[in-house]
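Paired with subunit B in one complex and with subunit C in the other, subunit A is shared by the two complexes that follow.
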Partner chain A sequence: MFTQVAAPEAAVGEPRKAHRRPPLAPYLYLLPAVALIGLWIYRPMVEGFGLSFYDWNLLPTSPKEWVGLENYADVVTNPEMIAAMRNTLVYIAAGFVAAVILPTIAVLLSRKVGTRSKSVYQGLIFVSFLIPPIAAGAVWRWMFAEDSGLLWTAANNAGLDLGNIFRDPSTAIWAIIAIMVWQMLGFGVLVVAAGVAGINPDYADAAATDGAGSWRTTMRITVPLLSPTLLFLGLMAILLSAQWSFPLIDLLTQGGPINSTTNIYYLLYQLGFQSFDAGLAAAAGVVFFLLFGLVAVGFVLLSEKLNFHDN
Partner chain B sequence: MTFAFADPGVETPRLPSKPAFGLLDTPASSSPVVTPEPDPTDQHERASARPKRRFSPGKLAGHVILLALAVFSILPVYWMFAAALRAPGDVLDQSIIPWPISFETFADAWTRIGLGEMLLNTILLSAGIAAGQMLVALLAGYGFAMWRFPGRNVILMLFIGSWLIPFQVTMIPNYVLISDLGLLGTLWGVILPNLGAAFAVLLMRQHMESFPREIIDAAKVDGRSSWNTLWTVVVPNVTPAIAATTIMLFISAWNEYLWPALVLRTGAPVLQVGIRQFLSSEGNDWGALMAASAIAALPILLLYLFLQRYIVDAFVRSGLK
Partner chain C sequence: MAEIAISGVTKKFGETVALDSATLTVNDGDFLALLGPSGCGKSTLLRILSGLLEPTAGTIAIDGEDITDVSAKERDIALVFQSYALYPHLSVRANLEFPLKSRKVAKTERTARVEEVARILEIEHLLERKPKQLSGGQRQRVAVGRALVREPKAFLMDEPLSNLDAKLRVQTRHELTTLHRRLAATIVYVTHDQVEAMTMATRIAVMNDGRIEQIGTPEDVYDRPASVFVAQFIGSPPMNLVPATVESREGQIVLHGEGVGGSLFVGDVPEFAAYVGVRPEHLRVTARFAATGLSLTGTVEMVENLGNELHVTCRVGTERVAVRASREDGVALGSPITLTADVEHVHLFAADSGRRLEWIEEPSTDVVDSVPAAVAV
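Now for the complex of A and B:
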């Protein structure tokens, strides 16, 4: 999957043909980093793969029991797992809207705003992205709180009773999604704005000279030239939406009510650290890793194609 | 020649506009600059600036949209600070401006939750992670950027691949190892597994590859060792990039949530964990909760206030993680 990514590597640095032996120095410089990702990322991944065939409760004193593919069978039949996967798709769709669609619309519609005021707005829009998850969870829990929450009272004054939004299985996920959108929007806006700023205005000017209207120019010139940026944000949204929603789920609903807000990562965490079912958690981890890996490969291939637009 | 397989793309010309982690990067970031660009958003806009018009419907719509988004982003943050600055009896007051301002809510939360120690530990933790990641990434980036060697592409793929492995897949074996090492409840238990940040390595590699070769070669002719060249020639010249990246790593570490919550359930108190516990035990004490949350957010917001340009640029450049 990474052959294309590695290709530009080629002729970095000076050719050192005189050397018969490969130099030792780069290996020494790389040693700490390689050892660290080996120890803390690849080792646990391999161990987790091994663990997925065992039943184990995480206690060093209790034995691991070989169960073969039983954990994997559990992953695909467990109703909690299926609810978590469904919710994960909802979170991904929401992440896509928050990080790709809304920012693109906002940036394209605000191109006429002067550079200076734009950077002031963008500076403010980015703030929500930097707020620590713990603070975001706490303040939004209050915004939505019955009787005292700012948003709750505003809705109430408008005749809308939000009730206890995090306790209602039909609304809780939407509240979490709203908060996620709040956190991601600023990031999306800045990345799309940078993408638009990176497009050479000559293209649009040429199109305008040829008589293309501004809508036409936007759809035929700007958006296609922006596609690598949008693809990058889209991949982020798919791979990371489940991560972004994790702290919010943990702080606000713990996956409930009745599994209506849980996602695959939260379920993995609960399996491992609350039900102490390390084998099942590991099996689920392997399955999700493969699924997301496939998506990533798809995006890499797609970006290969789209990059030809560029330049 | 036996190395030809291990190092496939050797003969292909380098495309400087496509860094190795091109997909994970934004198109705007590919320019080989050593210093952070001022503001990625105004590169071309100046060139396309048309004669100024005082008013147009499109411009007004743009202002309305951006203003609405800015308010949406800022309002909860403002509300958090406003509540924290109200007198304890006024916390639920919904007047826009907190008046009279009082620091009593802060003081109360500070002593009751023990925020002082948490704040100190969180600063140590984040600074330790950021500095460690940067040191490791600096060495690795230098190794990648300055030499071609067998296995280079394989190692590079190891780094890119590690970026795609979700944290939740590795957390159980890592938790077991930290526990075996006796590091549960210590800051080291959080710092150690975080030190090898593939993303920082790839970023530093990209910065160093755009460093002019002639200067390195001149240093070599002078008889400087590669170690000496790194610290006396390369590092002083990529300081802005190092600073911007370190700030971003610090913010990411500060906003880290799950791993500190697992490792520090007991032991050294940090903000993420302490406020989470307070939230579940006294979740309706909004004044104290907002004051504590405000303290958790304040250091990052202060950094942002003074270094906005660099922070935005670093995040936009590199995506998040």
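Now for the complex of A and C:
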């Protein structure tokens, strides 16, 4: 006869109650940072939002006067504000060129250069980023100085009269942009170079054995794979170029001549801390915060879409 | 398909010689495995074949045409990467189309070829997916597909199975073998896995330290390893090697050493030092020495039961010797053991050069005192 081989004996385990409490420690570790951010970033933001409905001259002794949405109406009709916004767009466009387009071209062109000379080249470009904007502005002002500056003399010898470049409404903004581009280029090159270094070289090799030339490989493989980096830089350029230009404007033109170089941050500063119109400055701040916030959200959504890194 | 002739190809990186005068012909329709440990130069040779790396010296020809100076882009050779290198931002279809678009193939033909390859590899349902939505095995198929779709003269594959799990690897091995037969393609396949090389290749080039140690069919390489390195690289467990002295005694070539004895051929040679090689499956557990062939005596150090057989590790002199024994052999841990092997299963290697020694019957018996009749291969 047959006997069936029995399975090993199995005991039924007692059901267990969940005893472990969710741990508290991680939240405690987070607490100091969160508290400080709340205190120094979010609290002033909320207070600034509240301030935007009042008319107030920042003096603790003078009363705040409720004006409703009047400040906001001022923001969108004030001709100074409109000039500042137009200039801001110009600065952003210039920042985009300086931090994204030029660095990408520079890095892609320098790919074939030997490793050591490439480091030297990228190091040299990056140095300009390390110079404080105030120092850079001061040096460039000398170089642009009428009758004696290095660049002025060079342009003059080439038959180009720069005049007093920071006093001419049609040229002042371009002089500031030139300094800004010079400074931001290094930052862009550093980030793009890191992005390119992070791309697995197998992709370019695969494209080469697939019969693609270097132009096709660059446009169809390298640049798309670089797009998360470019997107990050683009966001940085948009958010930071208006701020980056601030010290240069303050040092070189104070927003003039005839508001031709001012941007929204500089105007905000002037409204709030030179004209002491706290309400109007706060209202403008809220408007710009929302606009830049929208841009940032758009970029974040886009970057999620462009995120290919799988292995 | 095509024949690839590699002649004296050397690659130096600074002072380091990665590849030393590799010479080898890949015949039309060959599935040639470049087999060796990491750092042996096999991937360097593959990259040189693909055109991604320039050799320091030597030439490469396809069907008699010198292509040494032809760029990777212009060579009609497809390469499958170990990482697969599927373009992560492109769909499977766009990945497959990429080499065709690069070569400006017309749209209708492009679509037809992609569909055809997808059908062969059974990836039709994946065409619209991105690489990150694929499993490892599916990615591997797409990588092979991207090579197939071009209909190149030859395929180069750089360890394409190393990222797959064991089960999938066996399955893919079968598929690649079938694909090779079906296309009659010339394939150069880099691997460090001797099982892949043995099972798929029609010929194997075993590489070590930048040099090609042996080129031959899987049977050649397994049955007649040309050097100590090849003997120990191929086979699992690898061939046993024990040092011994070879000399003539009473008209017989005999072996002796610590725990080693044996009588091999009729003949006469001056005494010399050698390594005696024997594969674990050719050793028999016996009670007494054999009259001819190899005999080893030692102690049993370890017994591993695999179910169908035992892997026994013995200590013979100072060496460890692996034996594939049957459970009926009654091997006991710690007890003395006697092992024998037939003459045809005994391999001899020169102790100094590590090269294989082949026995050649002397043309006439009256030649005495001549050079050793054993010649290094």
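Here is the rule we use: the second predicted complex is superposed on the first by the 282 of 311 C-alpha atoms of A that agree within 3 Å, B and C clash if a C-alpha of one lies under 4 Å from a C-alpha of the other, contacts with A are read in each partner's own complex, and residues count from 1 in each chain.
Convention: contacts are C-beta pairs under 8 Å (C-beta built on N, C-alpha and C of every residue); 3 or more make two chains touch, one makes a residue touch a chain.
Note that this is a predicted model, so its numbers are computed, not measured.
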{"item": "Superposition on subunit A - do subunit B and subunit C clash or fit", "value": "fit"}
{"item": "First, second, both or neither for A:205, with subunit B first and subunit C second", "value": "both"}
{"item": "Subunit B versus subunit C as contact partner of A:288, first or second or both or neither", "value": "first"}
{"item": "First, second, both or neither for A:23, with subunit B first and subunit C second", "value": "first"}
{"item": "Greater residue coverage of subunit A in the superposed arrangement, subunit B or subunit C", "value": "B"}
{"item": "First, second, both or neither for A:78, with subunit B first and subunit C second", "value": "neither"}
{"item": "First, second, both or neither for A:221, with subunit B first and subunit C second", "value": "second"}
{"item": "Touching partner for A:45 - first (subunit B), second (subunit C), both, neither", "value": "first"}
{"item": "Partner chain in contact with A:57 - subunit B first, subunit C second, else both or neither", "value": "neither"}
{"item": "First, second, both or neither for A:272, with subunit B first and subunit C second", "value": "first"}
{"item": "Three-chain overlay, closest Cα atoms of subunit B and subunit C, distance in Å", "value": "5"}
{"item": "Residues of subunit A at both interfaces, subunit B in one complex, subunit C in the other", "value": "200, 205, 310-311"}
{"item": "Touching residues (chain side subunit A, partner subunit C) in the complex", "value": "200, 202-203, 205-213, 216, 220-221, 224-225, 227, 306, 308-311"}
{"item": "Touching residues on subunit A, where the partner in the complex is subunit B", "value": "2-3, 5-16, 22-23, 25-30, 32-37, 39-45, 47-48, 51, 58, 60, 106, 109-113, 115, 117-119, 121-143, 145, 148, 150, 153, 182, 185-187, 189-191, 193-201, 204-205, 228-229, 231-232, 235-236, 239-240, 242-243, 246-247, 250-251, 265, 268-269, 272-273, 278, 281-282, 285-286, 288-289, 292-293, 296, 299-300, 303, 307, 310-311"}
{"item": "Contact footprint of subunit A on subunit C as seen in their complex", "value": "50-52, 71-75, 77-79, 81, 83, 85, 87-89, 98-99, 102-103, 130-132, 146, 150"}
